[in-house]
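Which chain is which? They are A, B and C, in the order written, and residues in each are numbered from 1.
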């Protein structure tokens, strides 16, 4: 007993980790029962695909309905702040994280034998489908995964039918003056909604900042504002309420989309496309 | 017409600096305020200038109190020459003297003809007109003191109060300064100076006020005030006396030890 | 007399010349931007009242930027000259002595607590409250005529405290973007400001300028020391109140809308002082105009420099000002020896 107490914290986790590895190898085909997610976007997929009883914890960010799409369900589950001690205390059999989750956390978890499965950010809808399938397989819910993808495809087809003859020119404005350019998921969202992304024309790759002057002079017909309504104040959000934007909204068709619809590349992206299509319909 | 101070008592940092002192300054006379260190000379001068409010007693300027006159009117009537002589910025001499006209100028008015005349006059009186364009900081001690005196004269006030104007000056400049102050008094202003040098005080002042430990000890002609008995009691010295061209002079000569007998030898 | 006439002429010419330079720099500021703007069309549309896109960009983006640059520069320049006149020390300046960072703290508290969303005026008032607290602390601790070293040390202490408190406030702010926005508050920027910011601070700044300008004769008198100044008819307590109040109003509201831009109040008075015959009173308005020019020019530099993301304005003024401060300290040490 005394010897165990003198061991450093990480080493004390070895028996736990050994147990986990054994459990993982012996339960290769059994679905995980204690899932911990360390990233807001993986949270969403996990919450959609797995039964609540099997989810041990998701991040605190997913519990805010302003930022997350599955907040109601998320609040019924324990919240974590991405800290290694919290993760280990939950005794997970599956940990999922984002590609941008803190490296220190991920490395430490690997060292104690609880290797997190990492999910990157899909750059288009095809990659998004692949990711859904991958997560579904990991969770042992392949059927639900396929159902989700089927639903997505159905809605996409329906939306495709409502696309305009002539694509409208649009520009996206996000907090801090960021816009989305070529080769990003949002770019595809715009295309699917029958819009031309001016930022892509201006040569912006993926995410980049665009000065308000350029937004005003870009010759757009639709202004897509990505905002968190009633959010706490920050300079980043102030930019979106600049008088020039308000004045522009009188000239262009403004569409305000809540950030949560496309912060994560998940099925709510289709909601975003739907809102875009609905908003731009009457102007045709 | 006079500055009349009655029953002035002042305590600073719990210490009684002035105790029921009286003093009157008439126009056209030069009053010397003398006394040992810590007698309260500078404090009394500041009270007269309106810079320090006494705990007890009153000061009346030609019959009115400072409050009745108002700050600017008081500033026009009483000019004060402070002991230290530095300027914070590299002002030119003419600008320094020009500052003496501030009580006369409206807050954002420019200089008037009267202002320019007063400045020129003051600089001529103090013999600093030649330095008009030079930076104050480049002048020597004596020259700088003259410029500051010119600043005080530029106010063209009825009363001029000078706090130890001779400090740090060499003998030539000391005599110079006192002669200028005498001529200012002769023109009709009331001049009061705090002095340490008893010989010079006796020579140049019409009246002397002797203070010791905050009390007024004597007030009158230099001959009466600086008599042997008072010199011994207040300063603890004996003096040599003489005459030159009809003007008496005195020279503190020897200290007296506490028992009262003069020390031997020189 | 000849010398005086010469100096008088110089001062008479100086202010209009500075004013002209401001107009030129402001015009340049309107012409420079991030996207090609057909200026003639924009002006024509703006004057005619047509709300075309170029007119919109001119009136809602470029004009507020130029206006605010001039207003903030004027405030900082004048406040620097005023503080130097009062403390009789050429190193006194809102940034160096910590008043700007305290103003930033006040503004941050008002902004991120959501108070300024309810009451817009809370933002500059927060900045003013911060500036006022710092100035009062300075004067209570140091009195007037404090030595250079004491002044700088007090400034270091205030700057450190205010900077740390600002970082803490941003950390505690509920919005995740907030923690990254400290760069704006401590380094300053004119980007993405609007006319609403201009209207918000203009009356407060004007009040501050008037208060400070009214102390001109008193500051001149103060060159001869406090006793002499009092004997020349100036009420030192009232002077202090006007100066502290005026500087707090001007600097506090400036920092609230553009963050803390430093060194303007240090460099400009120093450069212009010889041109006004070293008179602290005359230096006030001249430093205001000079400050406006400096900030407008620095903002032009920020937009023209091929650095992305865009440099913060406070970075540019610090790159100019910090070496300047070093040189000034060296010179003061040499003179003291």
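Just so it is clear, contacts are C-beta pairs under 8 Å (C-beta built on N, C-alpha and C of every residue); 3 or more make two chains touch, one makes a residue touch a chain.
As the structure is a computational prediction, the values presented were derived from the model and not from experiment.
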Per-chain C-alpha mean nearest global C-alpha mean belongs to chain C
With centres defined as the mean of Cα atoms, the chain at greatest distance from chain A is chain B
Cα centre of chain B to Cα centre of chain C, whole Å, reads 44
Averaging C-alpha coordinates per chain, one finds the centres of chain A and chain B separated by a number of Å equal to 84
Touching at least 2 other chains, the residues of chain C are none
In the complex, the residues of chain A that touch chain C are 175-177, 209, 211-214, 216-217, 231-239, 242-244, 247-248, 251
The residues of chain C that touch chain A in their complex are 33-37, 51, 53-54, 56-57, 60-62, 111-112, 114, 116-117, 173-175, 177-178, 181, 184, 191-192, 194-196, 309
Per the touch rule above, chain C residues touching chain B in the complex are 1-4, 7, 88, 214, 216-217, 220-225, 227-228, 230-235, 273, 277-280
So, in the complex, the side of chain B touching chain C is made of residues 46, 49-51, 71-72, 74-76, 78-80, 82, 84, 86-92, 94-96, 99-100, 102-103, 105, 107-108, 116, 120, 132-133, 148, 151, 155
